[in-house]
Amino acid sequence: MTTTLGMRVLKALAVTLIVVWSLAPIVLGVTTSLSTQREVNEGPSHWFPHHPTTQAYRALIGGTTGEHSGGTVTQRGEFVQSMWVSAELALLSAGLTLVVATMAAYAFGRLRFRFGGFLLALLVGTMVVPIFVVVIALFKLMANAHLIDTKKGLVLVFVATLTPLATWLLYTQVREMPAEPEEAALIDGCRRWQAFVRVVIPQMSSGIAAVAAILALSVWGEFLIPLLLTQTQNAKPVTVLITEYVGKYTTNYPILAAGGVLALIPPALLALALNKRITGMLAGS
Amino acid sequence: MPGRWNREGDRSARETQILGWILVVPAMAAVGALILYPLVKGFQQSIQSGGILFGELPGYVGTRNYRDVLNDPTSRDAMRHTLEYVLLAVSLELVLGIFVAVTLHRVFRGRGFVLAVLILPWALPSVVSGVLWRRVFDPDNGLLNSVLLHLHIINQPQVWLASGRGAIIYITLVHVWGVLPLISLIFLAGLQSVPDEVYSASAVDGAGPWRQFRYITLPLLRPSMAIALTVGTLLAISIFDEIYVLNGTALNTRSILIQVYNTTFVEADFAHGTALAFVLAAVTAVLGGFYALALRRSTV
Amino acid sequence: MTATGTITLESVTKHFPGGVVAVDNLSLEVQPGEFLVLVGPSGCGKTTALRMVAGLEPVTDGQIRINDRVVTRLPPRDRDIAMVFQNYALYAHMTVRNNMAFGLKMARMPKDEIRRRVDEAAVMLGLTELLNRKPRQLSGGQRQRVAMGRAIVREPSAFLMDEPLSNLDAKLRVEMRGEIIRVQRRIAAPTLYVTHDQTEAMTMGDRVAILRDGLLQQLGTPDQVYDRPVNAFVAGFIGSPSMNLLPAGLEADGDGWAISVGGARLAAPKLLEQRRSLRGYLGKPVTLGIRPEDFGTDGGGGEIDVTVSRLESLGSELVAYLAPAGMAADTLLTARLERRASLAEGSATRVTVDVDRLYFFDPDSGAALT
Amino acid sequence: GGSSSSSGSSASSESIRGQTITVLVPYVMPQKLLNQFTAETGVNVNYVRTGWDATHNKLIVANTAKTYIADVAEFDWSFTGQFAGAGWVEPLDNLLPAKTLADLKSTDAAFVSGGKTYAACYSNDFRLSMYNKQMFAKAGITSFPATFDELATDIQKLQASGVKYPLQIPMAATEGGITPWYLLTLAMGGQLFDQNLKPVFQTPDSAGYKALQWEADAVKNGWVSPGSVALNDDVALNDFLAGQSAILFATGPGNLPTANDPSQSSIVGKAALGLVPGVDGPGASFGLPEGLSIPVTAKHKAAAAAFINWWEQPKNAIAIYKTQGSLPCGTSTIKQMVATGQLQGGDVLNQELTHVGPLFQAGAPIWYSQFSADAQGLANAAVKGQMSVQDALTQLADKASARTQ
Amino acid sequence: MTATGTITLESVTKHFPGGVVAVDNLSLEVQPGEFLVLVGPSGCGKTTALRMVAGLEPVTDGQIRINDRVVTRLPPRDRDIAMVFQNYALYAHMTVRNNMAFGLKMARMPKDEIRRRVDEAAVMLGLTELLNRKPRQLSGGQRQRVAMGRAIVREPSAFLMDEPLSNLDAKLRVEMRGEIIRVQRRIAAPTLYVTHDQTEAMTMGDRVAILRDGLLQQLGTPDQVYDRPVNAFVAGFIGSPSMNLLPAGLEADGDGWAISVGGARLAAPKLLEQRRSLRGYLGKPVTLGIRPEDFGTDGGGGEIDVTVSRLESLGSELVAYLAPAGMAADTLLTARLERRASLAEGSATRVTVDVDRLYFFDPDSGAALT
């Protein structure tokens, strides 16, 4: 659509605003990660390290050997391993949740079946359940099933906790989707589920991409559930590992910040990758 | 003779029934086993005594725990604070979330980058963002103080989080910073089902960007708004990390969930903890239901 | 005793929530291999009827059979039909080729055969160049042709087409008409075809069904519905421009009958007097129908004095709007005349009417008086 | 030490061979040391390092669920009342060799409840002060003040010499922000509770009251920076390390090495430990030791006991100290470290140890955590001036009294 | 010296990504208050042209002016146009009333006035009963009328209509044609109107522009393009059924010319010899054009022997497909004949051709020879 210069300036302004708002504290994180603990302690004059160093990153990846660091000691390989765990958890959980939720959303949105409305309300209603209420029973359940400290177990729990939101989001999209192409598919000889897989899902792909981002990022940032359900490096995501760098007396800011900065990379890549799938209005031109 | 064809059995409708059930089974199973079942257990916990830990015999105590937590003055204060967090955070998130989503809904060069930047606050592990914000708000050496001092906006360092109102506002801002990506993505997802052609038609009808937003985007975002409001309320009502990191369990900023956390994880009093958490969940559920009903008016 | 190649609707009714009765007790049989055209004013229930036959819309009441098999409650896929949707309903995420191939893939047809059929249909529809585009890169007419292609590659047991040519230009439309008929004849699939185009209705249909407010008005061959409409509604609906319907009186005039219409008095042909139902209207008001092409500027028949209100040239012919003398001021007769007819707008003249081709209807019920 | 004999408990070492135990502790342990343990006992160790804050949460959840989580688990002194009261941990009295228990006698008082010892100390933490020798010298002060009066004078001297806020006390509403009050209460010669666990801090003449008033005054008088009311202990340490203040009040012994670590500290070589001041002469301090416990849900209790015993051997404890920085507990171990000069600030530490007792004479009560949570909020409100000291302490006492019913 | 009420396209070009040139150097002026009909085969660029005028599609090259104001880069809302979209583009979330009122609301018209205008348009369009429905509850034709209503309530400085009547039945279409013209005349807004309907093109347009592959072929009054097409393409495109185009030879025959076509030989009227451009084709092949209505079964003119291949009755007339003797086997002539013409399918007969109305084109370039 043809647009005016004023509009374009406004848009640029809006974009800049979003970038600055999101990025400002992150920049602080980056400078912190490039400082030494000492410079961080020194405060005001040292927001930008006078002597930038990648020491924190090296410590994070390669492990520390120094003594008396009061619990902020890192071990070689640990961080990278946790990043992998996080990535694996995010992708598996988001993927599985998408499958489960898309199916449910379609059923609730398009198929008339008995108790559908009630089930939808029940499902979406569980969104409000605070983890504190279920944590004991959940822990027992997982322990009995030997799922403590396994990625499998975490994925299951994530799927259960994210499915309500994902279903709701996708449900609204199913409702807005024109029915005709799906009907055409039914006439073309599809079973309902085939029409669903081959026509409805591709039709919704941009919405699904946005929901996928929401899900993967939710899992990536999850803390309490993996904290309680994991023990060893086996299934310990990066969010949990990073908290271990907070010691009893001291917090190693650079290492913590470096961990945070590195933990941002996969989500950012994911957003970049999904950008193309998320179609928008063609603007600007 | 109406309905005389029904004897043949309605295969089409029956298939729909069956498929409907098949499609929702996985979702219901996952949620049923891992949320609903523990929820029932949790509810049992909330109407039981705390047990030997608190010098009592285990057993059901009815609504006693609920009465206890509702009568506790600190809980009451925490509820008031939580209400303030929720109102402030949710209204900010709604406005900013729609703003961000609408901006990013337009395809422009570099959108991928902006999208990637947008989600960073959310992707940042909460310990790290807590530590960073602490560096910002630190009363002695904080970034905020040093910037404002430098600009001569203030002439002595401020203890940002000491006073009630101010502290709640700052903490809410930190909260919104972290949650905005999620809310924006919810709206962005909602915008995906808005067909381009209505924008063409409305442009021709003389609607400028603002009024397109007002009359096209906003009404079509209704369903997403219900979701965003619910999620926003959910996150704000259970605000925890931001407060804990920035101001500990200080009374002037204490939220319900800090109270819940203290009760369950510090005091190991799951009976009262879950009771309080159930109160919280009930409030959220009522609000969520209210949003959903208020915004239900179907769009198409 | 199965009748292959039929579509039968038996007392089919459709209520929409909100009290709209879209289709009302419709009974209709598309006979083996027949091409049945469904016409009617906008909103009369044509699309709804088609959708019920396809199984997309639950039937409120009644029964639908395809090839004598009751399909009323069967899912669409078990009905083996192909449908062209009024709004195309293309698969936005598939190329033109895949849009057309989809139904065949679902039928697990071999790849080669699919390719062959799609290519063939693409040639027929002039889509060969566009096979790799996505629907949003097509013009309206191109999309419509893809929708058409998707149906014809299927070779189903029945065709349902909802205004499949409405977005095509006249030339292409003539070609497509031929192609559709050819395909349909070859497959011998019974076809329900909705159109707004008079020419399509008249030339393609073995029979024509006229719907109004969900109610079937008439079902007959094109000539039947044109020449012997059962009521004023059908008479006015079939034929373009529409038949002129005028209040008139039927009077005895000497040894014959005469028709008084406005200031004019037309001598009725003797044949009229043999029509039983007309006799009762002698001396009473009737509605008189005159087709635009039954006017002339020379030759015999009755004569009416008119003022030429407006002339429209269609190139090949002339449409004249004529204000007859002695009738309500805003009455205008539409006449199709030879393009070389020498008339001038505003001038008063006298036109002839072919009195052998007059139609009569009851002024209240609209029923044809035959 | 004689390893083979000491690592075997009363249970035969053969029966535990081949077992695998899970150990859950918030500190890193070099694999090399674990290998030695395995070599000695045949027990494999699945060592789980947890986050400091997270440990308690994990244990609470697993124990409430009555579910196995580890064979050897972290046990903070503050857990004692709660965990022992709930019967979540095994008493160690019969599981560890008497000799080991005797060596830990002084520190294990914090882990005793109902006459039984529930954990073996491995991190000998207590509260004392750290100060900046250079600033003291500049202000003309030669020794660290032993009494609160001297402290007051010295603070004025320090201010006169240009240190704006000489004192650093964390007062945020956190566990780290409330310990200074506990410490001050003891140092001022009082107690928080009497023998019957009745609160005794709410009258203006009580040490607890004076202590909180002292903190509030420190804010008011500008001895500490105004931001102290929102200051957590780790930030307080950082600020001290950055050379922003002269005295860090209520810190732990493990922080002296940190102050001398050039990668973290700007005051390398300038920091020294100081005894907790008192009313007349050094005051009382209290220990916040961490120990190793065996949950009742543990699968291999004998092997777990063997591991704890192994850890407590001076040789191993010192090796672990070198990687973790947590001060060992055994009397013999400390002696050995002081003797060999492996302990920074050893003499002051040794002296302070003589003033250290448990915060609760009869072991931490079952409701300690609740009390602490209440205290954090109320004391914080008092130092901020949002509540009077009297009101805060009255409320706190009321709550505490209600709990003891 | 502003020309109010004009739309001007100056060398407007549109390339789509992927190399499609949808509109190619199009220059066109819709004069004050003029109703200009844009026709052309499916996919020739009509919609694209309209969208560029509306500001919905960026212009690759060229300039667009409305009322002499350059609008090429202005956003749609600053152009004050109303548009009927080919696919309706209704606001799915608004009722019919709000769909129509939207543009007026945007113009901040008083509520009463909005209501009045919408009600008025609803009556005109037969939508009164449907004002509170949502688009998805409407039939195709009803939706199209809403789209129409949305445009006409506006009274804009220019109308753009993209096949606004394609989904309406013949009767309604005739009515709507009149209404559109009335509204347009009243507002005197220049109008660009795309249609596939010959009758609409011929009767509504002050002028007709014929596009082909994005290129303008001819711009002229309906009679001009019908009677004097500039090339074989236009000749074939305008008029339905299409003009018959046949390979023929122009020969000297005694003192005059003759046209040999297949086995027949038609004496050319004297007038032909005065056509300059024709002279050069003497003795050479030409393309001969005969309109279907220029055939007859009696009367004078040239005569051609044919076999009747197929007859189509349109009720009011007869379309005959005739195989001429002596021509390629699949050549079929289309003839529009009196419905009472007595022909039988399969029979051989002789038809007459009005030799005064023959068209000639260059067989290669297709240019008309005048």
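Each chain gets a letter, A, B, C, D and E, in the order it is written, and its residues are counted from 1.
Heads up, the rule we're going with is that a residue touches a chain if its C-beta (ideal position, glycine included) is under 8 Å from a C-beta of that chain, and two chains touch if they have at least 3 such contacts.
All values reported here derive from a predicted model rather than from experimental measurement.
**Student:** If each hop has to land on a touching chain, what is the smallest number of hops from subunit D to subunit E?
**Tutor:** When the steps are counted carefully, the minimum from subunit D to subunit E is 2.
**Student:** Where centres are the averaged C-alpha coordinates, which chain has the largest centre distance to subunit C?
**Tutor:** Ranked by distance of C-alpha centres from subunit C, the top chain is D.
**Student:** Most remote chain relative to subunit E, going by C-alpha centroids?
**Tutor:** In terms of C-alpha centroids, the chain at the greatest distance from subunit E is D.
**Student:** More C-beta pairs touching across which pair, A-C or B-C?
**Tutor:** If we tally the contacting C-beta pairs, A-C comes out ahead.
**Student:** Taking the mean of the C-alpha atoms as each chain's centre, how many Å separate subunit A from subunit E?
**Tutor:** 57
**Student:** At what distance in angstrom does the C-alpha mean of subunit E lie from that of subunit B?
**Tutor:** 58
**Student:** What is the distance, in whole Å, between the centres of subunit B and subunit D, each centre taken as the mean of its C-alpha atoms?
**Tutor:** Here the centre of subunit D sits 37 Å away from the centre of subunit B.
**Student:** Report, in whole Å, the distance between the mean C-alpha point of subunit A and the mean C-alpha point of subunit B.
**Tutor:** About 15 Å separates the centre of subunit A from that of subunit B.
**Student:** By residue number and range, which residues of subunit B touch two or more other chains?
**Tutor:** If we look for residues of subunit B contacting two or more partner chains, we find 13, 15, 138, 140-141, 200, 203, 220, 264, 270, 299-300.
**Student:** Residues of subunit C that contact two or more other chains, please.
**Tutor:** 55, 75-76, 87
**Student:** Could you pull out the residues of subunit A that touch at least 2 other chains?
**Tutor:** Each of 1, 7, 40, 43, 135-137, 191-192, 243, 246, 251 in subunit A touches at least two other chains.
**Student:** Which two-chain combinations qualify as touching?
**Tutor:** A-B, A-C, A-D, A-E, B-C, B-D, B-E, C-E
**Student:** Considering only the defined contacts, which subunit B positions touch subunit A in the complex?
**Tutor:** Within the complex, subunit B contacts subunit A at residues 13, 15-17, 19-21, 23-24, 26-28, 30-31, 33-39, 41-43, 45-46, 99-100, 103-108, 110-129, 131-133, 135-136, 138, 140-141, 143, 146, 177, 180-182, 185-186, 188-194, 196, 199-200, 203, 209, 220, 223-224, 227, 230-231, 234, 238, 257, 260-261, 264, 270, 273-274, 277-278, 280-281, 284-285, 288, 298-300.
**Student:** Give the list of subunit B residues in touch with subunit C in this complex.
**Tutor:** These residues of subunit B touch subunit C: 2-3, 5, 8-13, 15.
**Student:** Help me check something: in the complex, which residues belonging to subunit A touch subunit C?
**Tutor:** Per the stated touch rule, the residues are 178, 180-181, 183-192, 194, 198-199, 202-203, 205.
**Student:** For subunit B, which residues are in contact with subunit E within the complex?
**Tutor:** So the residues of subunit B in touch with subunit E come to 195, 197-198, 200-208, 211, 215-216, 219-220, 299-300.
**Student:** Under the definition above, what is the set of subunit E residues touching subunit C in their complex?
**Tutor:** Residue list for subunit E touching subunit C: 16, 18, 20, 39-43, 46-48, 86-87, 126, 137-142, 144-145, 162-163, 166-174, 196-199, 202-203, 222-223, 226-227, 236-242, 291-293, 312-317, 319, 336, 339.
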